[in-house]
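The first chain written gets the first letter, and so on, giving A, B, C and D; residue counts start at 1 in each chain.
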Amino acid sequence: MLALEGLEVRYATRQGEARAVDRVSLALAEGECLGLVGESGCGKSTIARAVMGILPPNGRIAAGRIRFRGQDLATLDPERSRELRGRRMALVPQSAMNAFDPVYTVRAQLDEAILAHGAMAAPARAERIAALFARVGLEIARLDDYPHQFSGGMRQRAMIAMAMALDPDLIVADEPTTGLDVVVQDQILQHIRSLHREQRKTMLLITHDMAVVAENCDRIAVMYGGRAVETGDRAVFERPLHPYTLGLCNAFPDLDDGGRALISIPGAPPDLVTPPAGCRFAPRCPFAENHCSEAEPALLEVEPGRHAACHRLDRIEEFRRRARDPDTWQTERKS
Amino acid sequence: MTGPRFLDVLGRNPSAAVGLALICGFVALAVAAPLIAPYGPFEVAFGPDRSVPRLAPPSARNWFGTTNQGMDVFSQLVWGSRVALTVGLLSALGSVVVGTLIGLVSGYFGGWIDDVLMRLTDVAFGIPFLPFALVVIAMAEPSLGLVILLVIFFLWRTTARVIRAQTLSLKERPFVWAARAAGAGHWAILFRHIAPNVLPLSFLYVAVGVQTGVMLEAALSFLGFGDPHAQSWGIMLNAAFRAGAMRTAWWWVLPPGVALSLFVMAIFMVGRAYEEILNPRLRAV
Amino acid sequence: MGGFRRYLLRRLAQAGFVVWCILTIMFLLFKLMPGDPTAIFVDNNFTEDMIQRQRMLWGLNDPWWVQYLRYLRNMLLFDFGHPFFQNESVAEIMLDKVRNTCLMIVPALLVSVVFGTLIGAYAGWTRGSVFERAAVATSLVLHSVPSFFVGILALMVFSYQLRWLPPGGMVPLGGPDTLWGMLASPDYWKHLVLPGLVLVSREITGPILLLRSSMLEVKGSDFLDMLRAKGLGEGRIVVHATRNALLPLVTYVAVMTGILFQGQVLLEIIFAWPGLGRELVQALTHLDFPVAQAALYLMALVTLALNLIADLLYGAIDPRVTYE
Amino acid sequence: MSRQERFKGPKMDRRSLMMLMAASGAAGPALAQAEPAIDVVNPKYRKFYDDVAGYYIKDPQWVKETAARLTWPQAGERVPEIRVIIPNTEPAWLDAFRKWSKDGEQLGLRYKLEQMSQARWLEEINVHRHGDIEVHPAVLRPERVDPAEWIVSRGYGSDRRNYGEWVVEQYDDLIDRQSAASDPAERLKLVREAARVMAEDLYPCVFGWGPSIIEAYNGGDWDNFVKSRGFGIGNFNAFLGFSRVKPKGNRKSLRVGMTNLLETTNLLGATNNMRAIGRMIYDRLAYYDENLNVIPWAVESWRRLDERTWDLTLRKGMEFHDGRPVTVRDLKFTLDFMVKYERGIFWTANRFLESAEIVDEANGVLRTRFKQPYGQFESYFMQLNVVLPQHIWGNIMEEQNTAGDPRRLRIDTPIGSGPYRFGRHRKDTELQLIANKKHFDPPQVDDIWVVVTPSLDGLMGRLESREIDVIESSNISLTPSQAAQLAKSSHVRIERTPDVNWLHGVVRASVLPWRDYEFRLAWQHSIDREFLVKVPWEGAGRVPKSNTFLAEGNPWHNPDLPAVPGFDLGKAREILRAAGYAWASDGRLVYPAPVNAGWRQRVVRVSKPGLTWGGLKMLGG
């Protein structure tokens, strides 16, 4: 249903063009939920923006295709692409805090979302809005409030309601729980889950929270430095194939092993204007070898439905073992 | 603010560079006025035969022509830069110092001090500026000092409000708590810890002060409420206006008007560049 | 709404305090400054008893606090007394002058705000474009040129050289005198062109620069992306952005109106516009204290009222403002 | 009553007193004295200093300033700064004084020039707080053609406007006699004699005769403007210009530009402009022709019965603008009204009036009787007074509650009998005067529009574009360079009218250093009168031949006065040196030594030998 083919997105910056997304190919079948994980700045949100067609003015799709039900969103004319947005695919944005226009009531903004895609009589719209609100568990009476009168969780629910306004096929949820407290996060995730499970929506869920992905997604893609480094089903977390995924897993509390200490990955994500040669993770990878900094590994199918991009897939078992040891990540990499 | 950063901003901001160059030009003009100006500010530029060159258009003798009293417009323009700089600088510094102090004290101590000072600021905001200045000068004797005092009286209010807001946020910062925990007194905290942090911001208001001061002096002088002993650009315009020479003696009207505009513009441009340094968001892509 | 009422009361009390302070400052200025208004008014041949009679008539012989209280009462009741040199009451004169000043500034204000907003919003929206650069550069220049200088230049060129437009005044000889008569008269508009344009040339820069920067700020907001994601057309998005960017303009326009109302002394003199500012200067030249005092007071009151209105209005248009 | 009791000086607080003592150099026993003994030489003038001087002698600041300058300087004391105040409406004076103060530096003098608004300047002068030199121009108005205006105000020992406090007994005697001399020839003799006394004592310094009256008008459309000596063509104070001017074409509406139009349409409360305009609406009793000879106006003829009594015969057939006839009753009513209520400008003309009685109602004869012999009957009384309509003004004071002040009356549409009717009036903008064709001297135009334009620049521009036809000249006189600019427009004609203007400065002769005749002489030598005429006045003026207010061209001028001391700094220094003055190391002038008997004598005597000083006494030994 949605397929990224060699997608490349670049941002113009003062320092030069940054390749935020670099030749990423992903596919999402009808009714599937794809989780996109990675550190901030790895290009996850850019993919969401590219799919939704809301790249900032300095961003452009430099290469590749975004196929949505057979149409290429990358080359679609703006008016046609606008028609798809909100109607065929909808966004649940990163920070609901700021995603509402502060000077209009919530109702007005929901109304506007419906109105943007064709005429619907006012009473019908009101009814629809009420229904949406009820579905996300918000009081109808609060419809005429302004966004700032809502709590964070309420705002995110309202956002979900808005995403559902025209019953789209694809939902892009871009870190939908950022900035919410844990209890509320849970509720929001439940709503998201129900969109996918009960309403059978196809979903692209972007998050840096491994647990969320693990719990909700059929398929998972791990991104690093604009590249997809590993894809697959839930097994990605159970038996990672890429050292970066290993690192990510270490950095999150284990669902099973609550007592395990968290280990963070030292160093910073790569500069996307002048990315390091070879494997982009190499400078931070405790297992990197000279070769890693010279040639870029390809994303290879390691097992059926599982891809990874690492030169040393052969030593993965050893890596998995050593990754458990905090000292492994402390070693300064030379060169 | 570090030098390279400042240069960097100038580099990306050609208008600020132009402004800075202009200001330097005016400063040079003011400092070297006695060397540059062929005549005194009120001196009649008698011709070789003791004749009075009245309303003469620009010539080799009088670069910018002469006034109806036979005075050299170019000389007056040069002397005028002294007045502009003096008024601008003094009124700006005065208002910023007063405004910063009031803002700091008001924001830091809060409570009734804040209440009193902020109500004072309200009053200052409620008084119409130019009309009030006119009234005061009509009552007293017009002098440059009074003009400067008036500008200070009116400009501290803006600075005070901004600095107060800044102080309010600064005083909740950890380093202030740390200083207090270390036993620093109120004044020590205020002047050693908070003041250095608001200073760059209050410096921004120097630019505003210079502009307002120069403009107000010109406006008052133009209305005939200026200091008669200071040959300012406003006084020149007033003299031309009063002499009924505006329509014909363009050489008498344009130089002071253009100089005034350029000076204010230069200050404005540099002020904007400085604001960019302070507030990097302004220069984001 | 209880919060709002408390807020309103507090603001009114504050405004009242400021008015009182201003009145007191004015009292000190006008009554206690050295010099004696009778000195200017009396003819050279007045004898002492005539002067005393005049002083009595003006209540100048009362103790200062009696004068002060009477003055406060009169000012609050808009009873400005009688001018020294005119035989209408000061209040009547003020009414006329305020109207004339408004006839000059209101049209200029409307043009400046409407066009300044449009230009500024567009410039902010198209950041980096030639239009934006040109708009900003022009605004900076216009902002720096003293308006009286522009006025003089405009007069020199358009009135005296080209003779396209009348060189001042509000209507020609024998022209209409009532408000509606003037508004309906093409002559009034013709006379307004020059002072109006000069005013606009300066005042428009404020909204342009303000709207541009607040538009830039709004442009960085997340909700714009969301609007696009909702599938709104570019037009609707600009409407949203402008609506948000307009918020700071409300305060700005109120402050600007106040300044305009106070500040047209220079232009009114250059363009022979019989407004409040010119009246003030004239009164000061003749030391006609009651007139000068009333003019200054009205200017202050208008400024205060506008600031108050701006604050209240801001609450009305920005739902985030609360009165707690 | 002892002198100490009679003297109601200011109550001074201790601090001011100490400062005063310190300033005056008094010490020890003097501290016991509660008040500075500012006193006069001739007790005859005591009353003036007590009553009228109530204005300034009760002003502690005045006393302080004056006492300091009435105290004998100590050895080596410098001549203090010379303070001069200048209204900001007079840039030419400032330009001149800048030059003079620069020249004065060579004599060791230092000036302090202060500029202020005109009103403030007037106020300072009125309370005698104007510093050292009262600078004043002559602005001619009909009532000021009478010589008394200036010779009394600036030199008479008992006049509040004697700003130099110059009190010379011989002069005052002459002034008393001229004011009582109702025979014009005798009066002329006395006035000339008084002018001589004043000039010889070097009290006034006439800086220049002028500035010249230069006017411009739209000669393309108008003709036959009459020039009145001292007034010019476009001056509402002299309406000959406006009553004779003839349109060349079809436009019979004359437009007059003015810088301001003060608003009171009540003649009694009006100041300059509106007062002049008011007198075109109400008829004056008599008027001046273009050579300043008195001619009959509303009063057809008058007859002197004795030195206190005149019979006035009203012109026949006059009508008020509302159609009611003007009768001698209206005239009597007007004079009675003025005596009863008016204490403003009309008071000057009417305060000596004792009674006005109708002696022949059929022929319109009114007998006026004055309290004392009255020399200013024709040039003051007849010029200032007008005829008010009794049917409108009869009960006006009762109808309008103005607390007995007629200047507060509200007269929105003045009705008189004059050559112009009051037409449309928009405040601060325009005023229409409609010709009264039924008048005995009907105007040639249909109406006059007065157009307000606040700036000279605006006025000139409008004259060039024919929006106005003439600039009203009582406030504005053009300079030659302005006239030259205007002359570039082909329709503009320039007119120069003989003037009797001057710019004078009277020094405060009563205090140091001016009390010294020699100092006054030296100072006058430091004034470059030619500079004023040549540069600030642009050559449009005359270098005065003598120090007199009655300049050449004035009917009262005395041609035999001593010449003004010429500009000669060397000579000035010489005079000062000879008089005992010295110079400090920084060049400042130093008073003669206290032991210098000649100097002490001159300071005590004030005036030149032969004249008797009656004014302020020096303080202390």
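Throughout what follows, contacts are C-beta pairs under 8 Å (C-beta built on N, C-alpha and C of every residue); 3 or more make two chains touch, one makes a residue touch a chain.
Quick caveat: nothing in here was measured; it's all calculated off a predicted structure.
Colleague: Which chains does chain B share as contact partners with chain D?
Modeller: C
Colleague: Give the label of the chain whose average Cα location is farthest from that of chain D.
Modeller: Between chain D and the rest, the longest centre separation is with A.
Colleague: Please report how many Å separate the Cα centroid of chain A from that of chain B, as a whole number.
Modeller: Taking the average C-alpha coordinate of chain A and of chain B, the gap between them is 54 Å.
Colleague: State, to the nearest whole Å, the distance from the C-alpha centre of chain B to the C-alpha centre of chain C.
Modeller: Once rounded, the distance between the two centres reads 23 Å.
Colleague: Counting in whole Å, what is the centre-to-centre distance of chain C and chain D, each centre being its mean C-alpha position?
Modeller: From the centre of chain C to the centre of chain D is 40 Å.
Colleague: Can you list the chain C residues in contact with two or more other chains?
Modeller: Those would be 35, 155, 160, 269, 284-285, 287.
Colleague: Provide the list of chain D residues touching at least two other chains, using ranges where the numbers run on.
Modeller: 89, 117, 120, 455, 461, 464
Colleague: Which chain A residues touch at least two other chains?
Modeller: Within chain A, no residue contacts more than one other chain.
Colleague: Over in the complex, which chain A residues touch chain C? Could you list them?
Modeller: 49, 52-54, 82-87, 90-91, 93-95, 98-105, 112-113, 116-117, 146, 148-149, 159, 162
Colleague: So in the complex, which bits of chain B are touching chain D?
Modeller: Chain B residues touching chain D: 42, 44, 52, 54-55, 68-70, 138-139, 141-142, 224-225, 228-229, 239, 241-248.
Colleague: So in the complex, the part of chain D that touches chain B is made up of which residues?
Modeller: Touch residues, chain D against chain B: 86, 88-89, 91, 94-95, 98, 113-117, 120, 455-457, 459-461, 464, 478-479, 481-482, 485, 534-536, 538.
Colleague: Residue numbers of chain C touching chain B in their complex, please.
Modeller: Residues 14, 17-19, 21-22, 25, 29-30, 33, 35, 137, 140-141, 143-146, 148-149, 152-153, 155-156, 160-161, 213, 220, 258-259, 262-263, 265-266, 269, 277, 280-281, 284-285, 287, 292, 295-296, 299-300, 303-304, 307.
Colleague: How about chain B: which of its residues touch chain C in the complex?
Modeller: Answer in residue numbers: 15, 119, 122-123, 125-132, 134-136, 138-140, 211, 215, 218-219, 222-223, 237, 241, 246-247, 250, 253, 257, 260-262, 264-265, 268-269, 272, 282, 284.
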